[in-house]
Each structure stands twice: as C-alpha cells, then as structure tokens.
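Note that chain A is present in both complexes that follow, paired respectively with chain B and with chain C.
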Partner chain A sequence: MTTSPLLDATGVAKNYGAVAALRNASLSVLPGEVHALMGANGAGKSTLVKILTGAVSADSGSILIRGQAHEIRSPAQARRAGLVSVYQEPALIPDLDVASNLRLTRTPVEPFRQWVRELGVPDLDLGETARDVPLAIQRVLDLARALAIEPDVLLLDEMTAALPSDLAEKVLDVVRRQAQAGRSVIFISHRFLEIAALCDRATVLRDGETVGVVDIEPGVEERIVELMLGSRMEKARASAADADDGRQSGTTPRIGVRKLRVGAKLQDVSFDLHNGEVLGIVALEGQGQDQLFGALSGSTRPSGGVIEVDGQAVEFAHPTDAVAAGIAYVPGDRADALLMQQSVHHNIALPFSANPRSWGPIDTGRERDIVRSAIERLQIDTRAQGEVQRLSGGNQQKVTIARWIAADARTILCFDPTRGIDVRTKKEIYQLLRQLAEQGKSILFYTSELEEVQLVCDRVVVIFGGKVVDIMPAGIASEAVLTRASYGLPRDAKPASDTSAVNASDKLGPS
Partner chain B sequence: MSISAAPEPSVSLRRRIKRFMSDQPLVPLLILLALLVIVLQILRPGIVNERWIANTIKFAIPLALLAGCQTMTMLTGGIDLSVGTVATMSAFIMSTQVIDHSPAVAILICMIPAVLIGVANGIGVGIFRVHPLIMTLGTSLIGIGCLQVYQRTVIATGTKVPDFLGWLGTGLSYGIPNALLLFVPAAGLIIFTLSRTGFGRLLYAVGDNEKAARLSGVVYWKVITTLYVISSLLAGIVGLLYVGLIKAPSLSLVEPLVLPSVAAAVIGGTSIFGGRGGYTGTILGALILTVLTTLLTVLQMPEGARRMLFGLIILLVTAAYLRIVEDR
Partner chain C sequence: MTAFFRGKGWVTGLFIMLALLLVFTRVIQPNYGANDFGSLVRAVLPFAFAVAAQTVVVIAGGIDLSVASMMALTSVIAAAMMDGATEEFALLVVPFVLLVGLSLGALNGILIVVTRVPDIVVTLAMLFVLQGAALLVLDAPGGSAAEWLKELVVGTASVPGVPEAVTDWIPKGLLLLLVCLGIVWIPLRRSWLGLSIYAIGSNQLAAFRSGVPVARTRIIAYAIGGLFGAMGGLTLTMSTGIGAPIPGPYLLASVASVVLGGVVLGGGRGGLIGPIVAVFILRLVRTDLTLLAIDPNVAAIVEGTIMVVVVMLGAFLAMRGRTQ
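After this line comes the complex of A and B, so read on.
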C-alpha cells in the first residue's frame, strides 16, 4: 500500500479510573475507503469513536490526519480537522426547527438540501420543528448535515439501524460514492451483510486493543468473529446431544411470547419461559432487548403479538398489572430501581404497599421478619442501612433483587444485573438465580457478558435486529457460538460460500 | 461509600457534632427554638409566661396544620398553594351557611369545595402532569374567584361563627389551649400515616424515585389524587379552626398563612425535592416561625423592616440547617 492514510491513529489508550477502556488501539483509514470498525460489547469501540470525535480526550497515543498530528479536544476541533461523525442517537435539537439546527452548526443550507434530496427525502420543510420529524428522517438529516460540510473523514455509528430498507439503500449508496470521491468513511455496524456490501477493510478491537485489520472478502465473517473472541475461541463444542431445545415441552410455559412486536426495534420475537428455568437473552446493544423487557414488565405497550402468562393471554397497561401477575422487573440501571434516600428496609418493602388495598397501617412485625429474611438470604451488608445511596454498587444491586424475593414474585426479569459490580457479588447473584429456579421460579436473564450464560442459564435466546435468530441450550452456548449468533451468523462455523450462511444473514437485513 | 463503623477517637469534635446532628435532625431545631425564646425573654424580661406560651401555641397550631399539607405534598416533590384558598372558602362558607343550617350541615357543605379542589389538584398533577406549583396556584385563583361570586349571593345573610369553634380556637381549659384537642390527634395521625402506613411509605417512595415506584407496581395518579384530597380536607378543617381563632370571616382570611406554611415545612427539614422529611420537624418549624414573629413584633420595628428581617432569617435558618444536617 503506497497511499498514505488519511486518518492514522496509533497507540491510543484511555483509562476511566482503574478501568482501561482502551489499551492500545490503532486505526488507519486510507483515502477512498470505507473502513469498518468492529468489536464485541465492551471492546472499546465507542471509546475510540469518542476520542476521534473529541468527546473525550485520550491518555496517550497519536492521531494523524493527512499526516499531520492533531490534538482533538472538542468536537469543534475534530470538525476543523476534517472529521465529522453521525452518532447513533439523533443529534438535532428537538425544540428548534431544522433551519435553526443548521444555523447552529453553521451548515451551508443549499448543499444540505441537495444531500437530503439525494438521500431520498424529496420534500423536506426546513421550517419544521425537529421533534416532529420522524426518527428515520432525522437520521437522514443528521447524515446530510455531516455531508454538507464535506468532511475528509466521515464517521457513521450504526447509521442504518433505525432506517427502513429503502432509505438504508440510499444511505449505503451515498456512502459508497463518498469513498469513490476520495474521501474516507469509518463505518460502525453490527450487520455483516452491510459490511460485506460496503466496506473495503475492517479493524477489529478486543479488550481495548486493535487485534487485526482484515480485507473484506467472502468468508471474512468467520475471521472477524475469531479476532473478536481471541483466545476465548473454543474449538471443542459440546456434542449435539445437548442440543435439546424441547425442555418441558409438555407443560404450560410460565410466560409465552408469541410474535411480539414493539415499535420499530422489536419485530418478531417468540419464545417460552418455563417454571424453574433461567432463560438467557443475548443480543448486541440496541437489538430490541430493552423493548422486550419493557413489554414484559408492563412499561411499554407492544404494537403486536401476544404475551401469555400461564397460558392466558394478558395485556399489561401499567407495571402494576405485571406485578399482579407475579412478574417483577429488575432494570439494568440501579438508579431506576432504588429509592436512594430511603433505608434498605423501605426499599425492600416497597412493593408491599403499592396496592391501594395495603395503604393502611403496616404490620411492622411481619414486615420486619420478611425483610430481614430477604436481607439474610442475599447477605446484604447492612452497616449503612440508613440510606441506600451509601451502599456499594453490589449491595445496591442485591437490594433490587431482594425486594422481589421478599414479595415472592414468581418470575423475575433481570436486565444485566451484574453490570459494574464486584466479582464476589456476581457469583452470589448467579447462585441466587439458580436457587430461585430450583424453587420453581422462572427467570429471564439478559446479559451483556456472554460467559455468564453457561454459568446461570438453562437455555438462551439470541436476538438480532429485533428478531429471534437462535434458541439453544446453555450447554452449547459457548462465547464463540453466542458471538457468532448475535451477529446473525449461523451456529456452526461453515465456509461463508455455503448458501445457508448467506440465507441466514439475508433474513436479518433491514426489512 | 461512607460505610463507617463507630466513630474513631481521632475524629474531631466538630465532625462528631455534625454526625450527631445529621442523625438527630430535630435537635438543632429544638436548640434554635430555645434560643429564640431566651432572646425574647432577654429583650422583654417576664414576657415568657404561661399565658404567652398558650397564646403562641394557639397561633402556631393553624400554621402547623397547614404546614402538614405542605409536608405531605412536598414529600412527593409537590407543593399545595391552594390550602389558603381552601381554608378561607371553608371558613367563609361555613360561617354564612350556619345562619340557615345547623353547624353540622354547614360544616358538611363547606367541605364540598375542599374536596373538589383536592380532586382537581390530584387529577391535574397525577394524570395530566401539571407542575404542582402551577396546578395548585391555578385552582387557588379559581377558588377565590368562586368565593367572590358566592359572597354576592349571601351578601344580605351576614356571618356567624358557631360558639364551639370559638371555644376550640381561642378557649383555654386549665390554661391549656383547647385547640390542642384537635391538633394532638391530627398531628398524631399525620405522623402515624407518614411512618407506619403503606400510603405514607408511598409518599416518600414517589418523591424519591417515581420510576422505581412505578416498576414496583405503584400507580402514581392514585397516590397523588388521594394525597391532594387529604391535603385539601386538612386545609378545610384548618379554615374552621382559624375562623374560630380570628372570629371575623373574610375573603382573604387564611391567605397570609400559605407561604409561612411552606417555610415551616422547609425549616422543619422537609426537602422540596421530595423523599425526605417528616412532620415532627414541621411542627417545630411552625413554632419557630410563630416565636420569631413575636420577637420581631416586640422589637417595635416598622412593618417593612420587620418583613425584611423575617425573610432574611428564614433564608439563613434554612441554609444553615441544611448545612448542619446534610452529612456529606
């Protein structure tokens, strides 16, 4: 390769406190290329993006743009250096109209209009308030705004995720032509299909390091997955005898999800959760798992499909309906679950008084016994009982679960319950979930740490692009298998020329 | 995370006092109250006697009860500015209706607007999510307007305050204000509700983290509507007590107590952001404000200067109290 790279980042490192988000990342993008940036959850992708666009500054490493060293300390500096990004979330200020949004970023209007038309939105009214513009169009506007200032390097983070297929096609088309015009595009996506169709090369991150740069060619998916997994790649797989999906197929499932749809994110999900089972949910970020848990907990109304509880179809209008059906939700963010200024006791006892029938005097003796036994069962450190906000993260997480053990919920929906807590507490939570399942409770367990699946779950459902792509017993759900499945690749490694692989990923494209 | 066990001997005295104050937030309030009384006694030797104490309590009771409305609503992150109007309405309507009806019927009639305003507040705040400040201010203005219309219809009737309300409001038995007969059970009920009932727990829960309460199955609007109805009913009762004390119903009878009732709850340590506080502190807050008013009257300042000083002291006391109590 004789051409010098347009963007060349080397040895980039970033620590958040004691945690190294990036250790030694490098990314080199040639002029005229579409370059994919890939990595599993927590590999450091988003940190690298934030550093490149000036949202956070790196602790070490150098960033060269057109061979010149640049210190990128703010998004404005990144923009002056010729690097513009389109983030995953819409960036227009919702209360301003489109024209004011453009003025805010000093975007030339005429080129912007042209790009908008080119991207397949012929009739945009610049006077419209951004809030009223449909989400998909907002993403297109974000892209047009970036294109209008003619950046050297365009960074697209999950650009096509929220787009209907016709708009997505247009976007891919425009991106391709950008590259042909000699500019560079950094493309972040979970969809191999798009990457294969669009990108020239891919840089793969793992644990904060760049572990490989590969040319995109047929069959490269397997190579990329291998790179993402590293030494965790397990050659030996459990025998097919473990692959028995039909556990308890004779009994009525505790929760049956039938063709569930929620908004645009969750499109078609069906599975059963049985009594006495821990069912894992595995998905990359933003594949619809939030909406799934929202619908099952009564927080979000599904737009289609059926939820059955003990064989009966139900409609939850409010979380209180789900709680009444014995379904408890432990959200991923502890701040959403805890009364930070109240005591451990009050936090655990909260569901007891939720129903207006129990608004009267509290049987304090009985309540104390129940709460105490829940505290003992989870071994919550009670030295700082006064206010939950003084507890450690692990103890706070235990409180969120203890509440539902005290309330004797039959089903607990746990959304990434072990995120950001210490190893010992994690182990305790695994044990607890197993014990609960042995007592006949059922648990739906979303996790972003794939090794937890085999530690805790009986079966696992893999969701990609809002659809179930695989349901398998935990016995064969190694990290390698799960990673492959969560990118929409078939369960077993096969040459990518194999038709079934193409078909499988075909189905998963934007629809 | 400050999970500290027993204080180490090296911890300074200051730090220990702070810790003590934060564990016992009522102590600094009691100290402040005692200080105010002492200052008063120094300025006017002999003023602090049995009669003065009974009088102070008599005037502190309506304020403390109204501040009870503020305490309960503030625990949920709200406020009830309509209490003044509700109390005035119930007092005025009762004292006009009692001329044609028996006191019991008059009292029943005068509680109707209280309930209506409470329901409106609750629905506005709980379902339509109007900010409580705006919602209760709005219903308060509407209520006063209605009362003015009502006054026209009864202009010829005249007013009367039933004897038993006068007895309750101003009377003393063995030197003890009769109003305590109403106040002690009411205060006990409020304290019991806040600490020992499911409803009280939910007030703290909703004010602390509405989302968490929701996920635990709490239906926000039910809690809020019930709360604002209770608050309005309590305000209606205060109106009856207050007209017994003042004995001259007017269209702005209880209005001057509204902002002091907010101040009493805040001085008493209830957070306007919700989730933190209690009624015992509020009672002390009401007593402190009442004594402070006496003190400023005794100083014989011009009205303007007195008000300025009053506002300044409230600001300083609240700021200082929060600094003492917050252990961060």
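After this line comes the complex of A and C, so read on.
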C-alpha cells in the first residue's frame, strides 16, 4: 500500500535497570486497518503498550502519528495526539458516577450514549456510580468513552476477555466499522479466532524486538507461532517413548478436579493429580490459573464444580482447611508467603508450629530438629538467616517450599516458583520437586516458562479461556506444542510450515 | 439502599442526629438558648476549619497530620502582625496569612509527590516543623487582633425583614463559617479540579489513565487543606484576640469528624457537609455531657464510643444493603 501510516513507531527501546524490556520494537498501523499486536509472555508487548499510552516514556525511538512526531508523556497527551486506549482493567473512577466520569475525561455525552446503545446496552443510567456497574458493562462503557471522542488510533488491550459472547460480538462489529470509516485499531488479543475474523495484519514481538509483520490470511496462525517462538522452535525434543496419557488410571487420584468454575474467569476445568506426580499447568496470563490455585488452596470459593481429595469431595472455607487436608500453596510472589523481617527458622516453623487448631505451647526442641533437617535437605544458604528478606530470591523460594516439607504436606501447589531466580537455584528446585514426587507426594506446577514443563513435569494441563483445552504427557510437550495449545490451537502444526522442527514435533502428535 | 447510604442518606442521618441532640440539650437544660448556641458555634469554628482541611486531603486519598500546627502557626503570625498595627493593616494580614497556609499546604503536597515519602510521615514531620516555627514567631500566647476581625465572630447576624427571634439563632460565626467554606468548596465541587481530587482518591491508576495529572492534583488538594487550616488559624485569633503557639486538640478531632461525617479514610468518597455536621455533633455531645455534670474523663470515653458505634452502624447498614 502507498498510504502513509496513521501511527508509526520505530526503534522503540526501553530498559528497566539492567533489563531490556524493549530493544528495537516497531509498529506501523495504516489508516482503515485493524492491526493485531502479538507476542508471548515477556516479549515486550505490555511495555510497548505502556509507551504508546504514555504510562512510561521510551528510552529511544520515535512515534509518529499522522506523520507528526509526538512525545507522549501521559495518557492525556496520547489522547490529544489522537491515540486512545481501552485498558484490560476498567479505567472508570469507581466512586464517581458515569456522568462525572465522562466530565473527567471531557467526553461528549451524546455520542457516548449512542455508542453505548450501539454496543448493546440500551438502558444505561448516567447517574449510577461506576462501582455498581457490572464489570462487563464497565468495559463497554470504557470502549464507548473512547469511541465518543473519535480517535485516529484506538488501542484495545484484551478488550473481549471479560465480555459475554453477545457483547463481544457487538464489540467486534463496532471495531470493524471503525476501521471501515478510515480509522485504525490496534487490537491485542490471545484469541486467534478473533484475530482471524477481525484483523488485517499482525505485528509480532519477541524478546523486545519486532520480528515480523504478517498479513492475516487462513493458516497464518502457524507462521505467527513460529515468529513468537523464534529459534526456540528447534529445541523441540523428540521423546515419544513416555507418551502415555493414562498414567495411574484406576487408582484414586490425590486431587480430582471436576468441572470446576470460579467466577467468570475459570469456567470448566477437570483433571486428576495423582500421588507421585508433577502435573504442569500451562496458560497465558489471565486464563483463570490464579482462580484455579485460589480454589485449590482454599482462599477463593468455587462457584461450581467439585474438588475431591483422595476421592472425597471437599469444600474449603479457608486456607486452613486446605492445609489440614495436606495441601500447601507456594505463591508466585514470595512476598505473599514469607514474613520478610523474620528469621528463616521462624518462617519454616510457622505452618506446623503455629497450627491454628492447637493453642498449646510450642515444642521448641522438635521444632528445631524439623527446621534443621528441612534446611539441610534444601541446601538453603543460611548465612543471612536472621532475616528472610536478606536472602536471595532463590533461597527465599526454597524457604517457602521448605516450610511445607517440614509441615509434611502431601500436595504442594507451586505457582510459577522459579520466576526471577538464578539458574542454579532453579535447577535445585527442579530436582527437589522431582524428589518429592518420587517420595509419593503430588505437585501441581504452574509455570510461565514453557521449557520447564519437560524438565519437571510428568503431564501437563493447558488452560485457555478458563477451560482445559489439552492434557498431554510431558514427553511431547515441547515449547512449540505448548505455545500452540495455549493459544487454543490444535497441538500439532499443519505441515504448511517450512521449519523442520515443526515437522519433527508434528509427527509426535497423537491425533 | 447501598447507594442511599453512600450518598445523601448519611448526611441526612447526621442532621437528624444533630436535631435530636439539640432537642435533648433543651430537655436537660430548659434554658439553653440562642446565646448558648452562639457560644457553641464559636467553639466549633476552629474545629470546623480543621475538619474542612482534613476532608479535602482525605478525599484525595491522603492524610494531613500537620493541620493543628498549621493553625497554630497561622494564628500566631496573624496575631503578631496585627499587634500594635492599625485596623486597616489587618486587611493585608488576612490575605497574607491565607497565602502562607496555601503555600505550606502546597509544600506538604510537593514533598509527598517529589520525595515519595508516605504522606503520614511527611505531614508528621511538618507537624513538628510548624510547631517549632510557631514558637519562633511567638514564644508565649500574645499579639492581638483587629477589632473588626473580632467583631466578625461576636453576636448575631441582623437580617432586615427577618424577626429577631430567628436571627438570634444565627450567630455571625456560623455565617462566617458557611461563607468561607462555600467560597472554596462550591466552585471546587463543580469544577474539573474537584472531580480530579475525587478521582485520585478513588483509584489513582484509573485517574492517571483518565488523563488526570495525579501529582499536580495531589499538591493542590494539600494546598486547599492548608488554606482551610489558615482560615482556622485566623478564627482562633479572632475569637481569642491573641495567638497561641501551642497547637490545640484539632488534629484528632478533625480525623474523628471526617470519619463520622461519612468520608472514607481510603479516599474518593464523601463530602464536606457530613464532616461539618459531625463536628457540631461531637462538640454538642461534649456540651451535653458537661451539662449532665459527667466526669470529663468519662465524657471522653463516651465520645469515643459514640464514634465507633455510629461508624459501625453505618457500615452494617451499608453491608446489609449490599447483600439484599
């Protein structure tokens, strides 16, 4: 095309300290186009969005809107430049009514009303406090508010994620018409179906760089997955030997999850976790994995379905109940689990010494022995044991696991336990989890680093859009296969691709 | 029901409570009259301005521990400047003192925004700084106030055409309070700035994304707090005729009235009328307890209990409204 782009960002880079979140990202959006922005977790997508919307400023690079250079330092400036965003979380001020929210963003009311009606909400009361408006409707209001000021470029971040399907349809429809009117839309979504139906082109980010711009056409999913994975495709490993899905069928599973539902995020999840097994959970961000772990650890109440422990249906009213059933939760953020100012000893002793069901004095001799053996077993570096916050991230994570070993939990729920810790400690944690499994304990292991699945897990459950989309043995769960599955695509690639690695893993597909 | 308690219901409830208390006062002290009401208003004045200062800051999601010191400092500055000066000179003193309050409030805000030290720490530090500064200006109660300023809070308003039986119950101090608060609050409440103050208190990220300049708005909120604080300082000088460098009991009273007045301490919710009515209630309760000849120590316990019970009751009703 010869038309000049409405939005043209080139060479955008951003460092957070020593970490390069973006190296060399570019994004060029033509008038009348719906443009998808894609990338795996950590590819720099959200950093680029933050830069475009003015939440953070880029270290280098240029952003042209309608050919004019703009320095975007705040959402208000982005707006004036003609770029308006609808964020993943609603941006309405919860304590103000809808009308005041419109005044705050200086949005004209009549066009707003029209868009709201068009988006399928006929009876909106502008006097209602935003807090009292259902979440899905709030997102629609956000979109209507953005449309009402007729932006040149509209950026939609996971717009349809929290919407019921009828509203989502309406939204896609409106977006399409927006493009037909000669405006541009940047569309961020994890759903290939939507992207295929809606978008004209896609820009793919990997490791902070734009690695490709592709036209959306039938079969382009494979090409996008390849771009997202890059050289990691070649690491796909062939070990079809242990590809048996039905491990230990027949015995009673340690934990059985049946049609579990939690709120709107987790819709229908069923799987078994057996004794002696490390079961991986893989999902893109925000697919309901947080809710799943919340329900299993007793901190969130499921809205439907059954959780069985050793064949018995249970209802956890409080994390204490889960702990009593021998289920321990190791959260992703170590700060959520540890008493940072307390000693290693105290932290490890907490779950079993401070048992909320027994108020008696603590047997300090026994406590000391148990803690010492746990520390030895995990090779925790105890030089700084006076305060947990002075330990390295890896050692902190070991402490969170050690306390549950000391408390003799039979099941450990690990939520991304290796995020942000050094390679050596990661390896130690892998070994530890494997050892625990060999002793007959069961481990549920959510990870955002797909290569860990084959290092640690026996089987892996893939969740997409709140539902289990695949359960496979770790042997075939290469990064490529998992990436495809986690975007809701069939696990084996179509042979259309020219990369040999894809073909290799292709043969492994048990279809 | 929930919306009712979040909005006008709370304020209506407070007005009813105040009315009942006045009736109760009349019952226990049959000759409680317009004069006594006048002195109640005079006693309430500095409290009311402290409450107004705290309210603006709390709505913006902050807290101002320096409000009582701010009042002490502005009060002694005013008293020291007017000492021995002409009546006309006071016309310059008043705007100057208000400007001092505004700037010191803004300084609070700037320190919080720039240093990123928590508001509670910054304003606590400011509490000591201002207290020291007040003692540097006047090391003992002293100074004086212009006669016309003192007149502003003495006696009742005379409105032509309205019978005296009515105007007897309208002390000048009450009018002064309403005018001073109204001049600042009403335009603020109707402006974009006012919306922004509620927005940053309600949800800072959403406010930022709605295009609100968060840092600037926070500084302005503290500055307005400082302005109200200076008004409070001036009323202290007006009603006593001197300046006292030691801060009065206004800090905790202001927080108490803000809470009782339906402003959520987390920010974003509430208005100015509620806390102002609440401060009247709390002072009147104290008057009643004195009239009943209850030990002042017991009276303090009663006051605290009332506060907790009322706030708990409100939360309970709001919660029931939500589950229905």
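Simple rule for what comes next: the second predicted complex is superposed on the first by the 480 of 511 C-alpha atoms of A that agree within 3 Å, B and C clash if a C-alpha of one lies under 4 Å from a C-alpha of the other, contacts with A are read in each partner's own complex, and residues count from 1 in each chain.
Note that in this section a contact is a pair of C-beta atoms (placed from the backbone, for glycine too) under 8 Å apart; a residue touches a chain by one contact, two chains touch by 3 or more.
The structure presented is a predicted model; accordingly, all values stated were derived computationally and were not measured.
Asks: Return first, second, both or neither, reflecting whether A:Tyr87 touches chain B, chain C, both chains, or no partner chain.
Replies: second
Asks: When the two structures are overlaid on chain A, which partner does A:Ala55 contact: first (chain B), second (chain C), both, or neither?
Replies: So A:Ala55 only meets chain C here.
Asks: Can you tell me whether chain B or chain C touches more residues on chain A?
Replies: Partner touching more chain A residues in the overlay: B.
Asks: With the two complexes superposed on chain A, say which partner A:Leu104 touches: chain B (first), chain C (second), both, or neither.
Replies: second
Asks: Looking at the overlay, what does A:Gln68 touch: chain B (first), chain C (second), both, or neither?
Replies: A:Gln68: touches no partner chain.
Asks: Touch test for A:Thr3: chain B only (first), chain C only (second), both, or neither?
Replies: Neither partner.
Asks: Does the superposition put A:Asp132 against chain B (first), chain C (second), both, or neither?
Replies: It touches chain C, and chain B stays clear.
Asks: Tell me, which parts of chain A touch chain C in their complex?
Replies: Within the complex, chain A touches chain C at residues 53, 55, 74-76, 79, 85, 87, 89-96, 100-101, 103-106, 129, 132.
Asks: Taking the complex as given, what residues does chain B use to touch chain A?
Replies: Touch list, chain B to chain A: 1-3, 5, 192, 196-199, 201-202, 204-205, 208-209, 211-219, 222, 226, 275-276.
Asks: Residue numbers of chain A touching chain B in their complex, please.
Replies: Chain A residues touching chain B: 297, 299, 318-320, 322-324, 329, 331, 335-342, 346, 349-356, 358-362, 364, 381, 383-384, 390-392, 403.
Asks: Mind pulling up the chain C residues that touch chain A in the complex?
Replies: That would be residues 2-3, 6, 192, 195-196, 198-199, 201-203, 205-213, 268-269 of chain C.
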